[in-house]
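Chain naming follows the written order as A, B, C and D, and within any one chain the residues start at number 1.
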């Protein structure tokens, strides 16, 4: 199977280069008779869009989503939904130099190594612009899931930026708290410190990375497959396939390795509490690859953005040393705020995929 | 696609419950005319096997591998290889209580929630015994890859146990150094400390977790797909599908979020050095989802084993509170040493899968 | 995806060469809590087995099925079911000559062309013995489907042998009528004539082919996908993947091309009749790729068996002309009777796969 | 896997309803650095288009193809190619009645049964308009294959219309001969008779079906997998997934069942002749599921078009009897001429998919 599709039952295929005609997604496996509000899809894309303020990239992209198929009067037909966004802010001349120079920690060199050809401008498929299709599909998945399971919530937030860390309670954090912050951090004082860190990096022509936290609340027990397609394995793949990610944790994560079993184990309780069926939730809502009804908690590490305004040493395609001039100010010094909807989108896609998979493991005569 | 298969081109399907007739694997997508030494496969299984000493589980399993198909005089026919290991040390009576009690941080509760039925003894598919098939398939992948690409090496090691951390250089660590240690840690003094930590946990009827490091050296540039099937995403899924894993990092990982872009970027160099095409290797050998020829470095977090000898509070299937007696001493207080070959096996499988995928993206008339 | 698997949700992977250690199947996507009677599986295998009388191959194979996984006390666990049959009647010496000679209309030449290696004896994966796994899986699918949908029936029969054609009514033909005939033809006088044709071929050291008819009755409306995975397309693939098949028809088939639209169209009726929702059934129970509730009718052409007792001209691997001595009498002069359970098995697998797929297209909150 | 994708390595996903915004295809698994001429793709679409003359549908559709991604200056980037055709001749009012009436032998009833919703006008995904994406993808596959394998040719032709049958030699028939005929039959006198049969049907407000023949010449030996993904099984699925198909044959087909083995077997020859490695070609170029180098010969049956101008009895959605007025003259009385490029497209897709699969079964160190 080629590499531009994700999901088994709810299956998305993204297409489009950053400076080609359009980017988009075909969503297959859509249940019929589901109401989809394209304005909500657009809102998701707006959250993903660069140029939303001083904090993020200055590149202007209208990013108006167009639906080419699969919907009739806002209702799904059960056929593939194709969502497309035209590329309107394409300035290839900005990128002319890059066709022969390998930018440090970009995909230029590896793309050449793999395909022997590379989009003359922009990052091609390696560009963060590819995530337009993912976010649009995630917005669709969100609506479909919540129509049947209104209790399922996904909230992601910026937990840290370059070492500035917010203390966020995954049991209570809300989307509203996250959205009110330009940096998508629900703790105001931490948000301010993060903004300072980002502005300091920009002032230095540099960039910063950080960690995004994410929680799924209200997920029923029973999602995920016990062996290869464990829920955490599919989440790991989904999130580690986002650009710039370097690490993934579920539940106790790496810190859990400092505990003994007697400290780490989550005792089952007779009456469900805030952690669902268990007294604690170091499992992160998943046991043996299958959700247990407790909140699913995750953390994703994003490296500092590779495009910086400082000059850098590197080589050309024919191995000549050059100094790469810094990129213009159009690029984000920190991708974290924009990555929040990307994380949420991928998580919604995994959830819907596994909800449909579970149906596909059942057989009864009540409904064909 | 049901959840018991992994890989796209080199595709393994495992089968078997921990206390059923057998466990095993069917390997499809095997190139023809490859020499496979089953004795080497057996050696991998021996490394995975519990009961290898005081450090690991006391359960005795012969784990003799039998090849049912796909080989003729030790050479692959291009047809599926079925490798099977009979279950010989099955003592269901040891597990009688467990059919109605939900062990903390085990898959008992979630398996019931998903399937409405559960293997009466042992962990069924959630048991670490399922990994017999993975390790056997990894041993096959190892041989196939190295026959064509003798320069590719995979080395995994125990990097930490319950906070005892070894400093290991991924550029130089060898399999021999790892294998000489009962705890699979190549740094002797660290290994001793780890063994003490494990023995202390055993003495307390408790368990410990830790981190496994892994490096792939000699991997050519060009492996991995740029969008969903990024090399790191497939590695993350492969390793996060192993039992007891809670976190995954590639390259700089979570620590990389503390660096600025100018510190994190890997400058390309005119002459390949110890990090391959770059002066540093915070990328961990992968850029834009595609290998760049530098060593691929990873870390995987394993939680402390859920089975402990201490009594624990929990509930029965019908939500009655009970105290679960501790498990007998047959279980590992630390799974890390046995997990080393599991990690290596999954990594070899991902490598071979992507090597074959790359071939499947090429078209020329030299060979049909 | 390698080529030894079939089905999307109910997915089978067969393994084993005709003269290796064993043949078998791993069945994934099995719903939990389904009762499976292995004696019934054995009965299916007995129907598939050669050596059942004068009509079919004299090779003796016990073909006792062993279940290695997935069942506990005859009930499915939701995990993969591995069913294995040991190869016990292996006489490689019978095949020694064949390692260098290309048998006409066998897979010897093409296997060498593809893999550069070939099982030294027997047909390897191209042998009809590979269908042991398919038939076992079909017997499992049959039981699972009928437990939830007792009204679904699949009946296949020998419709013609070398031009001797039986007139069979797909609306009324029963399994009992088929099974009572050694040649699996439910019309006694036709069965007698077919047997004569087969015996005449055997006497001449020759072989004959024919057509198998098949009907699915009681199939609910709504199975099949509208575009590529049309029900008839999946049935065509399933049946054209059986050895020796040369043609497939659904409903009116090739004969339907002689009708005009006004003659061919199936008018919908207000009250369901013998053809379900339509007055006639030239559609063969499928419209637009989706079942309509009428019986699904199919025909499959099987060529005469390639192995004959007459000497034949052919060439060796190094292109030398030789005369191939005729095969011993152990081979079937007609594969049709044995192919009846193969056809039924593949059809049951397609039905269960599509029943589960349909579940996987639904989403509601009644059951996760 | 949802049902709107086809192919394993070269994988197409079509989208779009007949009266929605657009129809199109995303093609994944495209090798890099391949030259694609979009004008040639447009020519294929023109051949598929209705309204090309008196013989076919009068509906006017510009069907101008637009490439949204995957190409740069006409060269493939290795990323997904999205090809889109806007729907411009949408007249929903022509179809208002149809939202409540089940047209005989259309997909209206089954679509309702499956999805509980149906495109208010036109056939939705069941429309022949869905094949726009297939034909565009087939035109791409054609160019990619022939660039590396210029000797491979695919020629399809109309072999019969309503019983008027042309005698066509698959060894010699050319695309030029087929294209010069409005009815796509390379035998002029047969073409004339077919046109008369089509015109007679139109005059009667009726429709006719027929058979399309197809040959692949110059295919190397070794394509196709020995078990489920036999070359003929994949071709059968590909072609039986086209709208209106009722039957498929390869090589000797159903007629082959009238021969004995000694008459049917294809003797191998020392020197390749017109049938490649065999003296005759009743195998149709495939043995044991794998191509043998001889021409691959196929036949596909298309039923008469369901849309006719005559009034027909049928029922409404709520099971009331009605008489359906005949459709206007905009519809084809015979789909065969337009189906010729559809058949060729699907065959090219299967060929390229299997060429790439074969690469993915090979492993050597010459090229990563």
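FYI, a residue touches a chain if its C-beta (ideal position, glycine included) is under 8 Å from a C-beta of that chain, and two chains touch if they have at least 3 such contacts.
Not measured: the values here are computed from a predicted model.
Ranked by how far their CA centres sit from the centre of subunit A, the chains are topped by C.
The pair with more inter-chain C-beta contacts, choosing from B-D and A-D, is A-D. Remark: rotation between subunit C and subunit D after Cα superposition is 180° (nearest 5).
Distance from the subunit A centre to the subunit B centre is 26 Å, each centre being the mean of its Cα atoms. The distance from the centre of subunit B to the centre of subunit D, each centre being the mean of the chain's C-alpha atoms, comes to 45 Å.
One simple way to say how far apart two chains are is to compare their mean CA positions; for subunit A and subunit D this gives 39 Å.
Annotation for subunit C: residues touching 2 or more other chains are 1-5, 8-9, 14, 29, 32, 78-79, 114, 124-125, 221-223, 226, 357-358, 361.
Contacts from subunit C toward subunit B in the complex involve residues 1-5, 8-9, 11, 13-17, 20-24, 26, 28-29, 32-33, 66-72, 75-82, 84, 114-120, 124-125. In the complex of the two chains, the subunit A residues touching subunit B come out as 1-6, 8, 14, 102, 104-107, 109-111, 113-114, 123-126, 130, 160, 162-163, 201, 204, 206-211, 221-230, 232-234, 236-238, 240-241, 243, 245-254, 256-270, 277-279, 282-284, 286-293, 299, 301-308, 310, 312-315, 319-321, 333, 357-358, 361. The residues of subunit C lying in touch with subunit A in their complex are 1, 9, 29, 31-32, 34, 78-79, 144-145, 148-149, 220-223, 226, 352, 355-365, 367-368.
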